[in-house]
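Following are the structures in question.
Paired with subunit B in one complex and with subunit C in the other, subunit A is shared by the two complexes that follow.
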Partner chain A sequence: MFKAKVKPEVLKELVEVVSILVDEAKFTVKKGELQIKAVDPAHVAMVELRVDKKAFEEYKADESELGVNLLKFRDVLKLTNPGDVIAMEHNEEKNQLVLKVGNITRKMALVDTTGLSDPKVPNLNLPVKVVIKAEELRKVIKASESVSDHIALETSPEEFKITSEGDNDSADLVMSKHMLNELDCKEGARSLFPLDYFSNMVKAISTSETVTMLMGNDYPVKMEFSIAGGNGSSTYLLAPRIEND
Partner chain B sequence: MGKVHFLLQTEVEDNHRVHHIIFFPEFSSVEGFIEALKGRHSPLSSDGRPKMHMGGAEIAQAALDNGAMIGPSHAFTPWTGMYAHHDSLASCYGDQAGKVHFAELGLSADSDYADRIPEMRRLAFLTNSDAHSPYPTRIAREFNRIEMKAPSFAELRKAILHEGGRKFVLNVGLPPQEGKYNESACIKCLTHYALDQAKALRWRCRCGGVIKKGVRDRVEELSDSREPKHPAHRPPYLHLIPLGEIITKALGVANPNSKEVDEAWSAIVGKFGSEVAALVDAPINEIQPKEVAEAIAMFREGRVRLIPGGGGQYGQVVLGDEKIEPPKAPAPKGQRGLFDFR
Partner chain C sequence: MDADWTEKYRPRALKDIVGNASALERLRRWGESWSNGAPEKRGVILAGPPGVGKTSAAHALAFEFGWEVIELNASDQRNAGAIKSIAHRGAIFEGFSHTGEFRRARDGGRKLIILDEADNIFGREDAGGARAIVQMLRETMQPVILIANDYQKLKQKSGEIVSSCITLYFDLPSEFQVSRLLSDIAGKEGMKATEGFFGMLASQCGGDVRSAVNDLQSFSKGGKNVLEEKDIASIGYRDVQIEPEIFVRNLFAARNMGEARRAYREFDGTPDEAMLWLDGNMTAGMSGAEDLSKGYAMLSSADLFLGRANRAKIYSLWPYAIDMMTCGIAVSRKSRAVGAEFKLPFWLIMMSRSKASRGVRNGLCMKLARYTHTSSSAIASQDLAYYSRMLEDDQELRGHMAAALYLTEAEVGYLLRERTDSERVAQVMAEVRALEEKGRKGTGALQVQGGPGAG
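This part shows the complex of A and B:
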């Protein structure tokens, strides 16, 4: 059983965070929260997300799994206006998610969850921690998009640097320790990432003011941020490109 | 140059990055068109393919109001072709779509491809070469044969509209497989993908690069039949491999723009009058050197295989039983997967 009411902005944020990686996702409904875990088809990036029942106006659930087509879900959310509340109910018999927005009822067929992957989150040792304002990341993404297709994240005990280098142009963000919310780095680390993935991830971080980035040397980056007005959290994992591979 | 006639023509890019060809009847028509644009374009005096700050419908309106003809350039090219950004002529040209009477096919498509799409069947197909580079393997590698009374805009217009007995009698072009975007492939590592595979991967290659949809797959999406349905006005399509490319293969040289190829090409074309005459009509025993004669014989006998292009890399021509290595991809920049770190 799953029955809930929620403000559309909570769902919009959730769909945005997940849909940059997959078109369909398994929503794991628990008694006290909703969880989503998905890996993109190329296995380059992963998202892990949980939204507490406190983020919902109403929330009643037993444990269940819903296979959701995020593109359809996004279309339903386009029907909403600020101040609306969406009512959702799982019709188990027909395997549908019934959504009510104002006077509109949209019955959405659910996807068979056996076809959706349940990725195992890699166990990573990420020794460097940087906490940075999301706005700073958005700015450097904007500056880098016309420069190159990859981006380097580099840390030293004193500063955090994001660099994008093309054949002729470059863009840098350099932030010393005191400009960051936190920098915990014993030894320098550097990893290179595909800019399109990184950029989509940063753009999907819409309400969290800060992002916690956990890194290593030639190692994946983990980006943690809050969602649903602090009543939920999300984590992106992105695999690196290895230079001179 | 005595037998070369020129037509007033331009290619422009619209605000969706779609390229259009425009044919003008006279200079006053060009001036009227420029005036109708009201300065919403990049500099016309220095930009070879000016960028218009307007959509296809508005450009078409400005061209048609001034007596010109307009149609999509290289309609299938996945970067700047009409079908890269639109699903139909109407989506691109709005209420002017019915007044579009031709489409340029581009290197990766032929009339068998284009006539699988219902809305294309009424159009005249142009198989035009470009003049981006002067090499024998590039310039005039595609062309049209048109029946007209005089080399003029008015006669071309009639041929495009199949009026008064004027018509396109032959389209000549590369086999579509030779084009750079025939199959869907990663633009970075050049791995080729089937349409279903690419969709499942959301057009992202394992190397981190973008998979560019190939013309063959785009046609598949837009077609209403597995086989082409040619209209009565459609001329035959002759697939030609540029003579320079055949010479390059025959002589075993790496660079088609080398002096060796250029000299052989000039000698053969000088002797037989044109590439087509050399490739199609010239007696094999009169072609020199003999390696090239043998290669042309293989071409005529259909003993030529093609390895489709994709992701920006031209397809490869393979003569006879020659064994070749699959295209070498540039080394990908080591994109790792998450599960490499378990």
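This part shows the complex of A and C:
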């Protein structure tokens, strides 16, 4: 059983965060929260997201799983206006999600969940911690796009540096320790990531003011941020480029 | 509903795949070579007819080495964009397994990228597909497997894909191997049948293991206690159609007349095509001067019969020609050529390249033939060159002739020996439009002022 009412902006944020990686995702509904986890088709990035029932206007649920086509979901969200409330209900018999916005009812067929990825966020040894304003990340993304396909995240005990280097152009953002909310780094570390994924991730962070980034050397980056006005949290993991072995 | 047996008994390990032992061994060795970092050839093409275990082999390899699989198959949208965003991205970045473990290539946690039906990836509308694959093969740090039913097509589309990969051919497994597999599965499913039943089922599938297993499953629903050969009559032969390249391979591997005939039976083409393929690949399929000379002698007798059949339209002569070229080659061969690579015959390559211009020429000849009351083959063989020469100097004739015969730009281009989009062709076409304009105002009829018809 799953029945909830929610403001469209909460749903929009949540769909945005997940849909940059996958078109279909498994929503795991629990008594007290909603969880979404997914790995992208290239197996390069992962997302985990939890929203507490407090983020919903109304929330009633037993444990269940919904296979949701996010593209369809996004179309439904386009029908909403600010101030609307969306009513959702899982019709288990027909395996449909019934969405009601104002006087529109949209019945959405659900996807078989067996084919959808259900990853666990791995335990990674990520010794470097940076807490940075989301705004700063958005700025550097803007500067880096069209420079290169890759972006390097580099830390030293004194500063955090984001570099994008193309054949002729380059862009970088250097932030010394006092400009950051937090920098915890004993040894220098550097990894190279796909810019488009990194960029989409940064753009999907909409309401959180800060992002916690955990990193290592030639190792994945983990980005943690809050969603749904603090009533939820989300984690992105992005794998680094394979260095010559 | 019962599970699909082809899925249920899909081989999980390389050793469970029926037949093709040497190709599988080479595949395994390539897999092992990844343990010391990326090898020189990072891609493998698995080529062969449908249902012989190519896709199973790719998955079994990944399973044996503990590799994650990223698969783009025919049902997905596969264009240059998808190859770039999924396959290529997976190829150069580390990744997570579907359960969320972080896998580092250096520590053996690789991802196998599988492009199924790679020969069908690039349609007309997606010219970037081949380039995207080449690009991926160049930069990949992960193993890549391309699967193709039609190796020749893949090769024609992109020689570079083929040259940057190791190609492994999968042949049809023998009837004995298939029948043993069928009997194994039947045993596990508690199905009873005679040896002859399995043998017959195996021989009818034409080497397509997948369809043989499907057939077996359909019999399991019949509810009969012990199945026998005569029960098979109900399903009839499966029509296996194979690529010319495989026909050539099978024929040059045939040990007796029966196998040679079977190879031809599966070939989906005319005797003339078979002849071209055999002729073009004779040097690859036969080794030694004696074998070669005997083989060509057989081919030339076949050619005699074919020529007579085609000239006199007595197609009952075809079987003689076919036996000469298939059985003839099979029995005139002493040694076996191993691992030969068979190619599209040169003549077919030339014909396909000149197809467009031949089409234009034929259209032009038909138009001239109608106008001059001549046969179009006479125009083609005798007159066409004169027309070309006449048009060279006579600007007026150019316009009038093009207008009177309603020539297309391509045809004018052919006559003037110019490209269709050249300046001179454009001039002629402008003149045609002017003449048509005049004609519509009634100030003069269109007339050709030269050529044998009017002269």
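Quick note on the criterion: the second predicted complex is superposed on the first by the 240 of 245 C-alpha atoms of A that agree within 3 Å, B and C clash if a C-alpha of one lies under 4 Å from a C-alpha of the other, contacts with A are read in each partner's own complex, and residues count from 1 in each chain.
To be clear about the criterion, a contact is a pair of C-beta atoms (placed from the backbone, for glycine too) under 8 Å apart; a residue touches a chain by one contact, two chains touch by 3 or more.
What you see is a predicted model; the values in this text were computed from it and never measured.
After superposition on subunit A, the partners subunit B and subunit C collide with one another. Of the two partner chains placed by the overlay, subunit B and subunit C both lie in contact with A:220.
By the touch criterion defined above, A:242 lies against subunit B and subunit C together after alignment on the C-alpha atoms of chain A.
Contacts of A:173 after superposition on the shared chain: neither subunit B nor subunit C is touched.
Look at A:122: by the touch rule set out above, it reaches both subunit B and subunit C. In the superposed pair of complexes, A:11 makes contact with neither subunit B nor subunit C. Of the candidate stretches 38-46, 128-136 or 254-262 in subunit C, only 128-136 runs into subunit B once the two complexes are overlaid on chain A.
Across the two superposed structures, the residue set of subunit A contacted by subunit B and also by subunit C is 39, 41-46, 120, 122, 124, 194, 220, 237, 239-245. Looking at the complex, you find that subunit A touches subunit B at residues 22-23, 39-46, 120, 122-124, 150, 192, 194, 196-197, 219-220, 237-245. Against subunit C, the residues of subunit A that register as touching in their complex are 37, 39, 41-46, 117-122, 124, 193-194, 220, 237, 239-245. Note for the complex: subunit C touches subunit A at residues 37-38, 68, 70, 85-87, 89-90, 92-102, 105-106, 111, 141-142. Residue ranges of subunit B in contact with subunit A, taken from their complex: 200-202, 204-206, 208, 210, 331-342.
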